[in-house]
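I've put the structures underneath this note.
The two complexes that follow have chain A in common; it is paired with chain B in the first and with chain C in the second.
And now, the complex of A and B:
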């Protein structure tokens, strides 16, 4: 293979594959939470993005405390130790909101849109809490080793012009996401509670007749949602940075991911997460250098299909295409 | 207690509060609050048409407001001739190219029957069309934005009176709503909510980034006003006469002091006069829209909408086209929000795309509708007055409460400083809790919908 082809491949790996897989895993974890709420509680949870911010915020606070007393994981970010605390705080939040807000509407058998409005109310309370406690600004909380693969070392080792950078947080994101997804699927497919959840999701009345305890199903769902949102929030924050408004904006790509894959289907949420992430990156990447390596001559412009400011438009376009073409999503989710 | 009594009581309480603001703080401030209350009331009316009449949930109010604001700017600013000369023709060609692509798509879909081939051609036309349009569009944008970029760098508008924009803003928002409604109505009810969230973010992103259209984050300031300017008022003979006649008794007799005091009164009075002019305009729009909405609600159309809202299946069985009616009411409601958006930009006199914060617009308006009473137009208006007044006054109040309650910590305490700094975010929490409480314990709101008409 010629050097140019090698360079082009490295370029693709560095700017498309690595960020795409990382961002896709983060979105997938977020969309899994959305899809679980869809499947079991049957509404679109608009508070999801802000719940992510909430979980991440407590993880950050715990991380700062751990750092202040000198605890460290060496090369790994200290935040990993603080995640359980974040999950616990988020679990308390979502369960309190379920008891105070959603439970009432469940008992009333209100229409899904009432749940949605209630979730918007919850979103604002959560959002306000996050801004009140940690402020609306950017926070950095990543420490430990920065890179798994450095561009400089990679160039030296391979003798190519293009470098490959893999941040430790990117590796961690993918690793933790895979572990979380595998354990979630094991839980849903193999354990008694998981099966009860799926049965409840498929047919509520039948599940109740078979003696499944709906309270337990709802509780476990919220616990899973708390864990997934906190993980997604912390991984996103470690990889990029933590800012409450960014998390609110993640709502749209996560919804798009959940709907594209098929509402209420966990596998669909993962698939959707990667579809959204790669579409965003492929459409906003500047192809100038890549074309240069392939065609041997660099074009004048940046050859960028969309400016990065419009990355949210990509999720929206995907959403529109799916709604027009197959409203139940790729994996045929819940009926419309 | 019936609605009429409650309404009088509610507006009475707000009126007394505003009177206190007027006498204790200043009347200019009181009318600033009233003007924003009136604009919020129009927005709440639009949302109430969607939610109260038809049960449609719109999370994109900020976006529709922004579209109205864009209309205000596009109608009122004078055209930038140089920019048109620099890139106008090319921009026109790229618009023609867009039309050509759309035409090609329509022809293709007529000619080729549904199937794999049609999907393939659809994708081909979209991809090819994208590059085709961009070929003309990119250089056009570049030449427009580089024209005198420090002062303009955009195409400007029509240079027409800004009042026209209130209608145009309504049409802009209606167009966006039609597009969104066409795609997402008739599917799951929450898809509309998600789609409106998306379109709103995109509208705001376009306004922030397409500098040739809206100057983006550089803002367009100094939009022409529909009412007189303070500086000119202070020089008008009739205005000076009125003001000096009004303050005759309180002005000092000595000549120099008298002229100074008069000048100060003139500044105050001119600012108040301008605010009053706006109040008159906004009130006229609100009353007109309220009257129209009331008529529509009482007409057979209103009964049909309520029938659809309360039982879609039954209405469908009676031969009502539910999706079509939903689309209609969604478009009308969004148009009202667009009108309010244009009014807001007119009042502010500038277009600042970065201020369209969904947390502030979408959420507050929703709180107004739910607290006021969904389905009741007067309720939305009352909700708008109460919520906006509360929102404005909660900031100093919250600041004061935290200042007072943490005073024992001493000024150097970090927690106290932190809480004081972030006190304004507590408003979101409190407003959210109020919204959730009203939904839970008094879902019909302050002025419940009156079903017997």
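And now, the complex of A and C:
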């Protein structure tokens, strides 16, 4: 293989594959939570993004405390130790909101749109709590080793012009996301409680007739959502940085991911997460250098299909296309 | 006294009274069938027996115990099994998982009950890993009945089990229902296919506007000229 081809491949890996897989994993974890709420509680939870921020915030606070007393995981970020605390605090939050808000509407047998509007209210309150406690600014909380693969070392080892960078947080994101997804699937497919959740989602009346306790199903769902949101929030925060507003903005790509894959289908959420992530990156990447390696001559322009400022438009476009041509998503979930 | 008795039931939805002094009973090892014209309150009578409807008068007793105030879920734990007319399987779950969900309230090992259901419905054993939603109408009904059998009920109630299936499948389903009856379970069903259902019925109830019009053995009702003329089309 010629050097140019090798350089082109490294370029693709560095600027498209690695960020795409990382971002896709983060979206997939977020979309899984959205899809679970939709499957079991039957509404689109607009508070999901801000719940991620809430979980991440408590993880950050616990991380700072651990750092202040000198606890460290060596090369790994201290935040990993603080995640259980973040999940616990988020679990309390979502269960309190369920008791105060959603339970009322469940008893009223309100229509899904009422739940959606209620969740917008919950979103504002959660958002306010986060800004009140930690403030609206950027927070840094990652520590430990920064890189798994450094561009400079990679260039030296391979002799190529292009370098490959893999951040530790990117590796962690993918690893933790895989573990979380496998555990979730094991839980849903193999355990009695997981099957009860699927049964309740499939046919509520028959589940009640079979003696499945809806209160328990709802509680377990919120616990899973708390774990998934906190994990997604922390992994995103470690990888980029923590800023409350960005989590609100993640809502759109996450919903797009859940809907593209098929709402209510966990596998669809994962598939959708990667589709949205790669669409955003492929459409906003500047292909100038890549074309240079392939064609032997660099074009004058950047060859960027869409400015990065428009990356949210990508999610919108995907949503419109899917809702027009295949409203139930790729894996034929529920129509929203 | 019969195992399950709904005595002089009066009730309906909201302010509308549908059942007027309706009495239904069924005993162990017996098939009782409720037939009648559309809107006669057949399904309503069955729902009343299962507690899905509040009774203003009358009582439901199971093995002598008054269960009128119990919820459907509580009646399941008392030994009643119910197969709804529609949406009676978990379509996204496998046949085996459907049966497991049927046994959700049981804490003991229920593998032997699953094996018994497969013995009764061999096709389910073959398709145990397949999603119930991918099965044919008749096979789905077998899953639905199998799910209800998982709690080892003493009474099995079926709301129009042959609705929407072909005549051949209907005959097969009735054969299976007779096998269920032969295991000593009391079977109560509501049927549109009145003639065929009465052929296998030990007792038949003809309801008209929520009241018992005729009650007799299945064979006697089929032989009754009046019943034939009015309800069975000659």
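One rule holds in what follows: the second predicted complex is superposed on the first by the 334 of 336 C-alpha atoms of A that agree within 3 Å, B and C clash if a C-alpha of one lies under 4 Å from a C-alpha of the other, contacts with A are read in each partner's own complex, and residues count from 1 in each chain.
Following the convention adopted for this analysis, a contact is a pair of C-beta atoms (placed from the backbone, for glycine too) under 8 Å apart; a residue touches a chain by one contact, two chains touch by 3 or more.
Please read these numbers as outputs of a predicted model, since none were measured by experiment.
In the superposed model, A:315 lies in contact with chain B only, and not with chain C.
By the touch criterion stated above, A:212 is placed in contact with chain C alone, chain B being left untouched.
In the superposed model, A:199 makes contact with chain C only, not with chain B.
Counting the residues of chain A touched by each of chain B and chain C gives the higher count for B.
Once chain A of one complex is fitted onto chain A of the other, the partner contacts of A:243 are absent, as it touches neither chain B nor chain C.
Residue contacts after overlaying the shared chain place A:46 against chain B, while chain C stays out of touching range. In the superposed pair of complexes, A:104 makes contact with chain B only, with no contact to chain C.
Interface residues of chain C facing chain A in the complex, by the touch rule stated above, are 72-73, 76-77, 82, 84, 87-93, 97, 100-102, 104-105, 147.
On the chain B side of its complex with chain A, the touching residues are 55, 57, 59, 130, 138, 183-184, 187-191, 193-195, 197-199, 201-202, 205, 208-209, 358-359, 363, 366, 370, 418-419, 421-423, 425-433, 435-436, 439-440.
Against chain C, the residues of chain A that register as touching in their complex are 192, 195-196, 198-199, 201-203, 205-212. The part of chain A that touches chain B in the complex is made up of residues 43-44, 46, 100-101, 104, 111-114, 116-118, 120-125, 127-129, 131-133, 135-136, 248-249, 251-252, 255-256, 259, 263, 301, 305, 307, 309-310, 312-313, 315-316, 319-320, 323-324, 327, 336.
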